[in-house]
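Order of writing sets the labels: A, B, C, D and E. Residues in every chain begin at 1.
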Amino acid sequence: MEGWVIAIIKVVFIWAWVLLIATVMTWVERRGAAMMQDRLGPNRAGPFGLFQPLADGIKLFTKEEVLPKKAHKVLWSLGPLLFALPAFSAYAVMPFGDKIVLGGKEIILQVSNVNIGFLYILAIGSLAVYGIVLGGWGSNNKFSILGGLRSTAQLISYEVPLGLALLAIVFVYGTFSLRDIALAQQGTFLGFLPNWGIFKQPLGFILFMVAIYAEANRVPFDLPEAESEIVAGYHTEYGSMELGLYLFGEYVNLVTLSSLIVVLYFGAWHIPYIDVSKFLGPVSWGIVSFLIFYLKVSFFLWLFVWVRWTIPRFRYDQVMGLGWKALIPLALFNLFITALFIQLAA
Amino acid sequence: MGEDVQAYNGGGWIATKLEWLINWGRKRSPWPLPYGTACCGIEMMCALASGYDMARFGAERPSFSPRQADVLIEAGTITLKMVPILKRIYEQMAAPKWVIAMGACACSGGVFRTYSTLQGIDKVIPVDVYIPGCPPRPEALLQALGMLIKKIEKSHPILHKRYSDFLVGY
Amino acid sequence: MAKPVVKKEYTLGERIYLLEILKGMALTWRHFVFNVKASFRPEPHTVPTCWQYPEDRTREISPIFRGLHMLCLDEKGREKCIACGTCAKTCPAHCITVKKGKRKEGEEDKYASKMYCASFDIDLLHCIFCGFCQEACPKEAIVLGREFELAQYTREECHLDKQKLLANYRKAKEEGKLRPPRKAVPVVKPPPKPEAGAPKTTEGKAGKPAVAGKAKKGQVEVKKAAEKAKGAGKAESGD
Amino acid sequence: MNQDPVSQNDQERLGELVTINIGPSHPAMHGTLRVVTVTDGETIVKAEPEIGYLHRGVEKLGESLTYHQFIPITDRLNYCSAITNNVSYEMAVEKLMGIEVPEKAQLVRVIMMELARIADHEVCVGILGVDLGAFTPFFYLIIQREEIYEIFEWYNGARLTNTFGRIGGLDADLPDDFEERWRELKPNLRKANEETEKLLTHNRIWMDRTIGVSAFSPEDALNWGFTGPCLRACGVKRDLRKDETYCMYDQFDFEVPVGKNGDVFDRYKVRMIEMEESIKIIDQAYKLYKEMPADAPLKARVPKVIKPPVGEVYSALESPNGELGFFVRSDGSNKAYRIKIRPPCYMIYQAFNDLVKGEMIADLIACISSLNVVAGELDR
Amino acid sequence: MDLRERVEKCLGPEGLMVAMTECRGDLSVEVPKTRLLDVMHLLKDTPDLEFDFLSDVLGVDNLAFYEKQKPKKKPEGEDTEAKKEKGPSPPRFEVIYLLLSLKRTERLQVKIRVAEDDMEVDSVTSIWKAANWPEREAFDMFGLRFKGHPNLKRLLMWDEFPAYPLRKDYPLEGRGEERHLVYGE
């Protein structure tokens, strides 16, 4: 019973937290972009325009829902749901802090510590593509279907290097559990390097980064919704809250993926060379680890924004070329090297 | 409409607050559909870009898909050949929708009183704000947006017929 | 047909994407930091490249900006317009309508000349703000002011009648936003006859050789509005 | 357009081909362009541009307005660089009347036209960036354009549709503060261009997207009637400013950049270099202008009512897009008998099918923005 | 040798030149309509002419022009015109080709006259592809039919537009074509 209560509290908490981050993220994206472009960005709704996402939400929520005449009704409404839900669900196995000891009870900061968290993430992550494809198909619009098709090809192509990069990480840490990987990144190796994934897998990290940019449909891989080419891609026909789900789901996706980077490559809640947990009590360490974790996550979220407003986007065939001709061989090479090293070390 | 307003005045506290909230959301995020066909399109671009930055009002995301837009900024001449398209775009927009006619051409055809020009888009679609000028300064567009925001503030989304179709349950 | 292209050899830096992307990111970062710092400056003109329009009016509008029309009064507060209709004829958009009125006895303090405009209507929605009317006006009566916030809710409000035009003038005068008088543009001197006339008489075909100068009094002036700074008569005789 | 129907080979596969209608309300179509594409997957089999969505009857209007009244209408042709249109039209009428414009007025015209050229190229490059997904350079460029507009505004009171000049000369002198403004603007312009180059030119994504896309050979380009940056990108060194010099352009020292492949990248690059050259020209022109006496005439002696003799002339100048020509026929009255405008992008855009055939949809967008098709002058 | 003589030398012997006028240095040569393509080939290929670039093609409706010019004295262009076509109605339309020699940077206007009852003109798209849209436009605006044009349909106006708007007898504000499309449901 008690376990249930804690689990539910954790679920609700992290759900709200991710929502909050994603909301703030939309604001950061807009203001950040504006600042990079020598302008101000939304600053009317609330202090610094912080309530802008709220205003957007209210507006989208109260907007008329238009169902295109020839759209496939079921698929059309299924699309946004399938897009937004997996992004949230992936957080179920994501560790977001060390642990809190409350009343002698140890609570790990993770909704559920599944020992095959990796597989779960991969599986759930590839679900999101259905949201896009179904939405694109169901809209009965040529631009939408183009966006959907682009997204399918792109996601499937980049899932391979993503998986291979992840596999190398599994080689290194020898576990499928995200929590174990996070914990294993404490301390140093070779005497001076922090025990982080990025130092053990530098190439793998780059591959992984590129792959998740593609998975998240962000510039330079934002082909599915490439605004100037296919209007708005898969969500061309979506108007009110369905659009909101798509837009919002994208940011939730970003949070999930950024968290994944931090867990796998950036030492989760560890700070190099210092073991903070020694100076703090069990409760405060839990909170601090949580904060450290999200500090790191926010950096990667910012990186998404930063890159987006700096570079142009790829062309469809170039995305495919990059994925199949460059990333996959590199990922295989990386895997091979990793395996070799591990063999040698053993 | 008059009746609606009557009913509104009798509306309770919840309805009032709810309306305030909805109006607030709408006025703070009027996503434009920049339909710039001619010279005014360039000035509209100036208003959207750094110099004046319409994004400050929440009009950040120029949605070229009519389904996602709230404000149709009609900037430029509409020719008779274009009319069906304009009409269609307007019809495709989802319910609370507003139109700003920017520039002389959009308002009245301007100097082009010719065989191929539509003499004012208000012959085809309803217009909320007119901006004279050829082209108007970007400031004038922002002013029009401000006027539109005022108009939105005064609307009654719950009890007003035009906007209430989708909120009938309330 | 697309022709085969000599592909440029990419350098290594270009080849691996990341280097140039990082350079670009450094650039955007500089802008970001600069603007974030700037945005904490006192309101309203924070970021130097962005005018927060309704509050921030620091961007100067040119004194000769062609904005809202006005009908000017002279120093004694009399209407300058003589209802000659030149502006209406010159307007490419045909948006001006002028009706003549004859000054009666005892109205000398209201109208500067014998004729005055009984009504003066401008359809703002048709106007293209080219400034030809003010250029053509022999009395500098109609002037385009600096006012640019012209948006209105209805068509009717965009219609300027005489009262509104005069009110615009009074308002501009109050705010000190009157348009400075136009500077005359120096024109090629007349005396060397052969130069000015030669190409026209020799090459001009049957068409009436375009006579330079010697414009008839009261003729519709489309050109050289510049010359009517103060004494329209003087400029004309000078021609 | 090369209107050969979809070829036999394609016909057999017609089941797989998809017709996509792009525009006229499409983010990359600048409002009024429309391309009906037949695609095989993402590859374009045929792209048929349809124009006329901004056909306002300018030429017909020119027959019912006086010569003077037509000047503001020319503003609305290529609205990105209205001044070039004004000057081109005025030059045509001046040629018809045999008017010699005073040198000082010509210099002011050069200065203003080159400013307009910079403004036009800035929009073009910026939009090209936006259409390829790089938003930021657009904003950097547009700030500088805003400054250019400020100069225009202080010159004669309008930002975009300037109604610059009059037949026979000018209506105003350069404002007194021009020098100061230009001194301020020049480094900023250069900086913005530099930043744009930094963000785009060597970025491999940009290079991949632009190099080799919609390449065109010089022979084809000439046959299709290309002019301006698009022709120069193909490697033909042709610039009316040099070849059929007007407005004292022969006294300035500037380079005419040429490309090699005639692809999007070359067009972009040619435009970037041209901006730099324009800055040089303005400097030189302003120096010459300063040397002129302050009361030097700015306007030729022109009759009050403009009635050119019977005849017809064609006069062209190098607008930012290429050869912008006005054919004016007069019947001796105060209204033109026939005005025909030769818009540069009209000729360029008709080769669109040849330009994008075999490329992908994303390239179509890149191509259309690199051609800088301005609907105002395209449809007239 | 100036351009005028060279053009005369090239076109004269074959009887391809009807008239030649000059206005402010713009040379224009009128040629018989039926032999337009020969003329164009000659002008393009003759070594010291080489008009290899087509700037523009445009139509002119002379309806009002004749009416206006009749009482006045004739400039040289009209002179030949009057001789040739006194009896029946004079050819109403003109098509003007603006040619340019890139090498010599010389311009030449080639003019043909088209009577209202025979509106067929040979298309020059086989020589210059650049003539494609201008010819379509001339068709759109004047109703001139270009023989051999690959795709002769309306360009600027919509396909069903019933009139030719740039003709002089067409009012500026139109005759209310397709207004039902605007005002009606």
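The definition used in the following text is that contacts are C-beta pairs under 8 Å (C-beta built on N, C-alpha and C of every residue); 3 or more make two chains touch, one makes a residue touch a chain.
Source: prediction; values computed, not measured.
K.L.:
If each hop has to land on a touching chain, what is the smallest number of hops from chain B to chain C?
P.N.:
Steps on the shortest route: 1.
K.L.:
Touching both chain C and chain E: give me those chains, sorted by label.
P.N.:
Both-contact set = B, D.
K.L.:
Could you pull out the chain whose C-alpha mean position is farthest off from that of chain B?
P.N.:
E
K.L.:
Would you identify the chain whose Cα-based centre sits farthest away from the centre of chain D?
P.N.:
When every chain centre is compared against chain D, the largest gap points to A.
K.L.:
Counting C-beta pairs in contact, which two chains come out on top?
P.N.:
If you count contacting C-beta pairs, the leading pair is C-D.
K.L.:
What is the distance, in whole Å, between the centres of chain C and chain D, each centre taken as the mean of its C-alpha atoms?
P.N.:
Chain C and chain D have C-alpha centres separated by 24 Å.
K.L.:
CA centre of chain A versus CA centre of chain C: separation in Å?
P.N.:
54
K.L.:
Rounded to a whole Å, what is the gap between the Cα centroids of chain A and chain D?
P.N.:
45
K.L.:
So what's the Cα centroid distance for chain A and chain E, whole Å?
P.N.:
Taking the mean C-alpha position of each chain, the two centres sit 65 Å apart.
K.L.:
Which positions in chain C touch two or more other chains at once?
P.N.:
21, 24, 27-28, 31, 49-50, 52, 92, 128-130, 203, 205-207
K.L.:
Give the residues of chain A touching no fewer than two other chains, as numbers and ranges.
P.N.:
Answer for chain A, listing residues that touch two or more other chains: 36-40, 227, 231, 309-311.
K.L.:
Which residue numbers or ranges of chain D touch two or more of the other chains?
P.N.:
Within chain D, residues 26-27, 52, 55, 57, 60-61, 72-73, 75, 98, 136, 139-140, 143, 161, 199, 203, 205, 310-311, 332, 379 contact more than one other chain.
K.L.:
Considering the complex alone, what residue numbers of chain D touch chain C?
P.N.:
Residues in contact with chain C: 65-66, 68-73, 75, 97-100, 102, 136, 140, 143, 150, 153-154, 156-158, 161, 163, 166-173, 195, 198-199, 202-205, 207, 211-212, 214-217, 220, 260-263, 295-311, 330, 332, 354-355, 357-359.
K.L.:
Going by the contact rule at the top, pick out the chain A residues touching chain D in the complex.
P.N.:
Where chain A meets chain D, its residues are 33, 36-39, 142-143, 146, 219-220, 222-223, 226-231, 309-318.
K.L.:
Flag every residue of chain B that touches chain C in the complex, lowest number first.
P.N.:
That would be residues 50-53, 56, 104, 107-111, 113, 120, 122, 128-134, 136-144, 146-147, 151 of chain B.
K.L.:
Contact residues on chain B for chain D in the complex?
P.N.:
35-39, 41-43, 45-46, 49-51, 62, 64, 66, 76-77, 79, 81-82, 85, 89, 105, 111-112, 114-117, 134-135, 137
K.L.:
Flag every residue of chain B that touches chain A in the complex, lowest number first.
P.N.:
Residue positions touching the partner: 21-22, 24-26, 28-29, 49-50, 53, 55-58, 60, 63-65, 67-68, 70, 92, 94-96, 157, 165-167.
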